[in-house]
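Same chain, two partners: subunit A is paired with subunit B first, then with subunit C.
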Partner chain A sequence: MPGSRAKSADPRRRWWPFALVAPLLIFLLASFILPVVLMLSRALTDRELQTVWPDSAAALRHWHGNGLPPDVLAQRVAREMVAARRNGTLNRVANRLNYDMVGSRTLLYGTADKLLAGAPGNSVAALARIDPRWGRPAIWAAMRHADGPLTSHYLLAALDRRLDKDDRIVGVAPEQAVFTAIYLRTFKISALVALFCIILGYPVAYLLASLPERRANPLLILVLLPFWTSALVRTAAWAVLLQTDGVINSLLQAIGLLDAPVQLIYNRLGVYIAMTHVLLPFFILPLYGVMKGISPVAMRAASSLGASPLRAFLRIYLPQTLPGVAAGAIIVFTLALGYYVTPALVGGGADQMISASIAFYTNQSLNWGMAAALSLLLLAPLLLMLLAGRTLARAVPA
Partner chain B sequence: MSSHRSRPERIGRVLLILFCALVFAFLVLPILAVIPLSFNPGSFLVFPHDAVSLRWYRVLAGSPQWTHAFGNSLKIAAATTLIATPLGTLAAIGLAAMRSRAKVPIVAIITAPLAVPVVVVAIAFYFLFAPLGLVNGPAGLIVAHSALALPFVVIVVHAALSGIDFELLRAAASLGARPATVLARVLAPLIAPGIAAGAVFAFMTSFDEATVALFIAGPEQRTLPIQMFEGVREQVSPAIAAAATLLVIASTLLLGAAELLRRRGERLRVGSTAARSGE
Partner chain C sequence: MTSSGGPLVAFRGVEKRYSVGGRAAVAGLDLEVARGEFLTLLGPSGSGKTTTLMMLAGFETPSAGDILLDGRSLVDRPPYKRNMGVVFQNYALFPHMSVAGNLAFPLGVRGIKGAAAKARVDAALALVKLDGLGGRRPDALSGGQRQRVALARALIFEPDLVLMDEPLGALDRQLREHLQSEIKRIQRVLGLTILYVTHDQDEALTLSDRVAVFAEGSIQQIGSPAQIYDRPANAFVAGFVGENNLLAGTLVTRQGDECSLRLRGGQMVTATATGTIAPGDDVIAAVRPEHVGTGADRPALCNALDARVDELVYRGDHSRIRVGLEGGGSLLIRAPSAPSVAVAERLPVGWCRDRCFAFPATGVALASTDTGA
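Let's turn to the complex of A and B:
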């Protein structure tokens, strides 16, 4: 009945739902989306030289060449180096250039002090008399890479790559090439934890869904209890139980499975045990939801047509549960990738996941560009996974 | 499930139940095992043999660090609840009344805090708050925890709204009630259990949150999870087991209550819908 009353009730024309959602959207945009975007943008921007040495940065962008720069540029660098040394900002440029060329720090401070003492710095040759490194292209390339406002330095570094003096992408020195290994380790741990959750969780979700609700509900509490308990508390519980003189080692020795205590914690084994435990409810609960929605009619039809129970399960039931398996596995994998607390507490010191590197660059080395680049690379595959999950869920008829 | 099962089917069922029993044990026993360990009179992490003692609970209660951290956590969680519950409830009502197409981008924004890895969230807040000087006060942590708690409030309240008949609201409005009155006097009582459950989720999200707190809380704002994290890092003692026991009991009671509220609300609604549709 398309009367005027029906029209005013048309959901498309209501404005008040948007007014109700607006405060939350504004809050989340300001307190969540904005910080994440600002943080990620640090991975791609380079403002140290631009801020501290504005003239030199402009001249560097203007120069755009390889090899040694014109003397005008050397002059500007020398002037701004002295000025920055005087007002205490040279540190920022020195740190930034040091990421690109090790030894830049001492080069800048040494040169600035000599210039302050009266050494001439009006040409490349004059600077090279103070320190021969000014006569080689590497430091000039490092400055050009940092002239802003955008940079590929941090993202390349997070992939163990760098730009050489001729702007070709090359691998970093082998002793600095650590991130590829840490990423692979992070993905491997997360994928295996997701796999363990599938193996342990699928039968449990199936059992829960196959029981009448009266009997499933008490069992469901056994899944909800760990779900309600915080990840930190459960990790702490594992830290207590897995100690070399802890309950599990004593138990295994008492029943004769072990002769001497084994190391169960502060290694990869501890990470697998604790993370699977922490994340298993996140797999079981969504899968249980999907399984509850599957009508038993198709299964009954299959058996009445003569399919063996195994065949009916594999051909009829299993395919219908795959969206739930994919959803649960993606949730577990996603959460595992970014986990910080659990690997930090039960993992081995030299066997950390990428979150530990991000924390290191944030809190200790204060290289925020690097922390942001590592985060950006961590997010990129997650977005792909979410898209894949959505496509998968749509492709498989529920 | 048919009662006429073939022999292999019965064997399969027994194996399934055995396997699931082991998984249930894996899920629950580690949490429960901590409880007896916390009553240990000695300093070893083994089950107490002959005597039980509250020694480690006295250690916690007598430690200014633990009590201060507990007070901080309560304050920050309470403030988070006060911000997240009304914002999330209003948004859930708006979402429930919205057409599905407009919903998609909004739901994506609201659930974003759940999808972004928590360490990324933590440093994003740190980079924003450090230059603003918010890292040492409680404000930064409260804002961050509210952002993390909001999706839970929206999801829980939205679920509570799923059976609500919006005709009721229109009826109230057509009788002359102002929109604010409709929300407060008609809708709010209908979804009160859902709102309460959402508030509990918001509180526990903040109370349990460790990663963001580790990054952005100053020394004065140490929360219980930070205290616990550093306790486990420094020395795993029965005091950790005692703190874990208290937290397990607290979260089980609170979230168990929230779950009951949620189900009660669900039953009420299902009951009324079934009555209306004559089932």
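Let's turn to the complex of A and C:
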């Protein structure tokens, strides 16, 4: 029967496209998707105690209470603390507990050394005699929070929150609360840069789209030229231009517009100038593409129907360019959220964005759980926004 | 509008050059459009007909001369103050608006909103037989439907004049013929004045009260479809409008409009002379395929020539015969029914003097002239 024959040929035909993209798919999976997922998963997992102190971690999960633990748990902690001190793995636990309770590190090393020297550690009271902090709930709560395999510690910390000894979510100490402010700053800078790109880029894209090809092409190259230069080089160039005794200040003073040099760099203004310039092509190009696709005859039609040039622009042209504006603005906003080099080079201390914090935790403090949590909190709102944008775009067809 | 007795539109010595000293796209144009008239500008591409229309719509500025609407100069009036409905070749609908939104646009511009606007939109949709499609987007319509929307949009604000630039050019033949009769019906119902641009001579003859034939920036002939077809003013019009056999030759004698000429192949034929041709001039004789008789049908007192059948095409309601003339040159014949000849057979042919016109061979070059060498 022809039907059955078609059926037997079908699966192969269905799998053939997958076979074609498989090499790239596997490459992406291995080199990009898997590492990203593994990295981000560190924001939610907590394996230090489980790995180094398996008995204690199990007992901590079993205990699941507030206040001070039973002595049998204290015994296990003391035993594994000594073992870890001997084979050099105590460092990992000490670092992890220190995120939760400052001073845990010295507490653990001090206690372990005393235990090694022969001090008894068979009960909570015995440990408290070595260091009184063992007699308070805080260190035990910190251990319980770290007993794995999942933790909310990093995500809460990325929002300047933590669990207290009674497992309530509370704010961290004001001098430690930095991330909320940096997040807000990151989103604000990115939104404003996107806005500046719209204001500066729309007329340029319009000019490019309305000029005849012969004259538009050289201008397009001018737009693309910075696009082909590395962002680092361009930022460095802005640093030269915007110096207090740099080109722009000298020029403004020479023509008498300024009496004294203005601070253009190492502050927010410098960040806006450099980032807008670096990201402008990303806004202009998609918008230019959309504008090229708009039939100029529609404007003539609007004019013949009685619409003044302004009205024709606002009612006919502008609405058709909005998808391009949205696409360009989203690209600029997304790229700006992850900006790191430019604010570091032309901004001041109060202009650093969240990427700088992520880089710090990744490269310097090696707290990858924290780096992952900060990344996750940068990624999640962005994905939500893109989804919302798509839903909106579908509700209002272009 | 005030209704003076004069023409609605008048072009006075209008000229258009796109660059100073360059070739004139339109030169020395004098043209009047009467109220309620359907006037078609017919010509090949690049003949200046669309430029003429765009100057009237206000999208091009004349380099010289004046254009009058109801006796008042239009030259300094921007397009949006001219109150003319324009139907563009590719519809030019607003893709981000619904059909109703497109139709309401010119009303909104004129301050007509709400229920009054809705009533007029519904009436316009009914006029072009698109009732109930107001909520659709242009990209959800067929080509014919889009063109109806474009037409309705150009009519809804009751313009003084409707300009159409090859409005049916993008449609297939059947749809085109259907919409032609729709346009004609609407023009009759509303008493519209329409200036219509096309390169399709069938369309021009079907629709128009008058046809202006354009070539190389100027009008070659203006008149009713019958005048254009039956009494072409020159060789270009004879060749462009309808099918024609164009035979090159030399004028031998002339008495009034009666003349005789020698074709390239040496045959002597008589014709009706036009223009200022004199014996010795190079001329082109034009005779339509349906006016050439064959065999027994060959009219008695006519130009009688001997020929041989080269090609025979049966078309159902008529047949087309291409014959080679004795002595050289070829001729297309449209015979009313299946002829009783076969290819390579001898066939006597002939035509009446008053069906054959002799034109000066100078003037606008023709795209395809069978010089019959």
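Methods note: the second predicted complex is superposed on the first by the 373 of 398 C-alpha atoms of A that agree within 3 Å, B and C clash if a C-alpha of one lies under 4 Å from a C-alpha of the other, contacts with A are read in each partner's own complex, and residues count from 1 in each chain.
The rule we apply is simple: a contact is a pair of C-beta atoms (placed from the backbone, for glycine too) under 8 Å apart; a residue touches a chain by one contact, two chains touch by 3 or more.
Note that the structure is predicted; figures quoted are calculated from it, not measured.
S.K.: May I ask you to decide whether A:Ile316 touches subunit B, subunit C, both, or neither, giving the answer as first, second, both or neither?
M.R.: second
S.K.: Quick one: is A:Leu225 in contact with subunit B, with subunit C, with both, or with neither? Answer first, second, both or neither.
M.R.: A:Leu225 sits against subunit B, while subunit C stays out of touch.
S.K.: Classify the contacts of A:Gly306 with the two partner chains as first (subunit B alone), second (subunit C alone), both, or neither.
M.R.: Only subunit C is touched by A:Gly306; subunit B is not.
S.K.: Is A:Leu252 touching anything from subunit B or subunit C once the two structures are fitted on A? First, second, both or neither.
M.R.: In the superposed model, A:Leu252 contacts neither subunit B nor subunit C.
S.K.: Kindly classify A:Ala298 by the partners it touches after superposition: subunit B alone (first), subunit C alone (second), both, or neither?
M.R.: A:Ala298 contacts subunit C only, not subunit B.
S.K.: Classify the contacts of A:Ala371 with the two partner chains as first (subunit B alone), second (subunit C alone), both, or neither.
M.R.: first
S.K.: Where does A:Val262 make contact in the superposed view: on subunit B (first), on subunit C (second), on both, or on neither?
M.R.: In the superposition, A:Val262 touches no partner, neither subunit B nor subunit C.
S.K.: Quick one: name whichever of subunit B and subunit C touches more residues of subunit A.
M.R.: Touched residues of subunit A are more numerous for B.
S.K.: Which parts of subunit A are in contact with subunit B and also with subunit C?
M.R.: Residues 300, 303, 309, which sit in both footprints.
S.K.: What residues on subunit A touch subunit C, complex-wise?
M.R.: On the subunit A side, the touching residues are 295, 297-298, 300-309, 311-312, 315-316, 319-320, 397-398.
S.K.: Using the touch definition from the top, list the residues of subunit C that touch subunit A in their complex.
M.R.: 57-59, 78-86, 88, 90, 92-96, 105-106, 109-110, 137, 153-154, 157, 163
S.K.: In their complex, what parts of subunit B are in touch with subunit A?
M.R.: 1-2, 6, 8-9, 12, 16-17, 19-20, 23-24, 26-28, 30-31, 33-34, 37, 44-47, 83, 87-88, 90-91, 93-99, 102, 106, 109-110, 112-113, 115-128, 143-144, 146-147, 150, 154, 170, 179, 204, 208, 210-211, 214-215, 225, 228-229, 231-233, 236, 240-241, 243-244, 247-248, 251-252, 255-256, 259
S.K.: Which stretch or stretches of subunit A touch subunit B in the complex?
M.R.: Going by the criterion above, the answer is residues 9, 11-12, 14, 16-21, 23-25, 27-29, 31-36, 38-40, 42, 200-201, 203-204, 206-207, 210, 219, 222-226, 228-241, 243, 245-247, 250, 277, 280-281, 296, 300, 303, 309, 334-335, 337-341, 344-345, 355, 358-359, 362-363, 368, 371-372, 375, 378-379, 382, 386.
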